[in-house]
Amino acid sequence: MDHVIFHIDEKEKSPLLLGNVKNLLADMTAEVEVLANGVAVIGYKSEEFINQMNSLKDQGVQFVACRNALNAHHILKEELFAFVSVIPAGVVELVEKQSSGYAYIKP
Amino acid sequence: MDHVIFHIDEKEKSPLLLGNVKNLLADMTAEVEVLANGVAVIGYKSEEFINQMNSLKDQGVQFVACRNALNAHHILKEELFAFVSVIPAGVVELVEKQSSGYAYIKP
Amino acid sequence: MDHVIFHIDEKEKSPLLLGNVKNLLADMTAEVEVLANGVAVIGYKSEEFINQMNSLKDQGVQFVACRNALNAHHILKEELFAFVSVIPAGVVELVEKQSSGYAYIKP
């Protein structure tokens, strides 16, 4: 099975990214992670995206937030949707996933 | 030979992308694909880019459009330059090419 | 050891990129290269970034500029910070590094 990590660090790209992930899973069986850092972590608490994110989560998509970014934008883990996981450094995750064979897509 | 997939999903990035591809081929023998999704598919029917794209096409560059993006922007395949090929899902192409060893560049 | 190439071609992304590299090295031992092309090469002569870049350089980060981009923006190598190296084509570097196992991150 293919593995993919999507990287988002711009808030405005959230709709495009969510559409990309939906389109991917409509045509391919893949393990998908969405890694948000920078200001894009705000998307993980925005009600406008909850329905789409919930639907993708039910299809197995992992939503992951960078703790450095949360700290920089004064966001607490408790403010994020419950299914979002938090890791210490988003960029480390991007490296480790690529090292283990994930494709990288930056919408 | 090296293989490269360029990803573009922003219309404004078309000039930068075309310059990138031109510079690459001036210094390296490589198999190059340009994958456009999102609003960037509009660039595949913009007269301002036809000369540059034609020249790159003559050097073997493949220009590929995402059908999901064409549908979302109400663009028919017939409106695109004749040398552009259309695939069902751009993101699937990005994964498959990386899985088969292509480098990924997002201008 | 992991290897990472960061790609920047937008001037506004310099602060985000420098923060990304700092965060990476705080959590991971890695060989890091920052490749600037397009208008982002201007960041390599901007006094506002010199302290951060100096600190990262001291941690082993390589800062590399694309000569095509310098020429396009009428910047001489002598204007750049002394620790910046110049290569003929940034996109070729991006391909070669990925071919030799570098992870690619585009902030």
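Going in written order, the chains are labelled A, B and C, and every chain counts its residues from 1.
The rule is simple: contacts are C-beta pairs under 8 Å (C-beta built on N, C-alpha and C of every residue); 3 or more make two chains touch, one makes a residue touch a chain.
Keep in mind that this is a model prediction, so the values were computed, not measured.
Chemist: Residue numbers at the subunit B-subunit C interface: does the shared fraction exceed half, giving same, or fall under half, giving different?
Modeler: Because under half of the interface numbers appear in both copies, subunit C and subunit B meet with different residues.
Chemist: Through what angle, between 0 and 180°, must subunit A be rotated so its C-alpha atoms fit those of subunit B, rounded to a multiple of 5?
Modeler: 120
Chemist: From the mean C-alpha coordinate of subunit B to that of subunit C, what's the distance rounded to whole Å?
Modeler: That pair's centroid distance is 25 Å.
Chemist: For subunit A, write out the residues touching at least two other chains, lowest number first.
Modeler: Counting only residues that touch two or more other chains, subunit A contributes 104, 106.
Chemist: Sort out for me which residues of subunit A touch subunit B in the complex.
Modeler: 2, 4, 16, 19-21, 23-24, 26-28, 30, 103-107
Chemist: Under the touch definition given earlier, write down the residues of subunit B that touch subunit A in their complex.
Modeler: Answer in residue numbers: 7, 9, 37-38, 66, 68, 72, 88-92, 94-96, 98-99, 104, 106.
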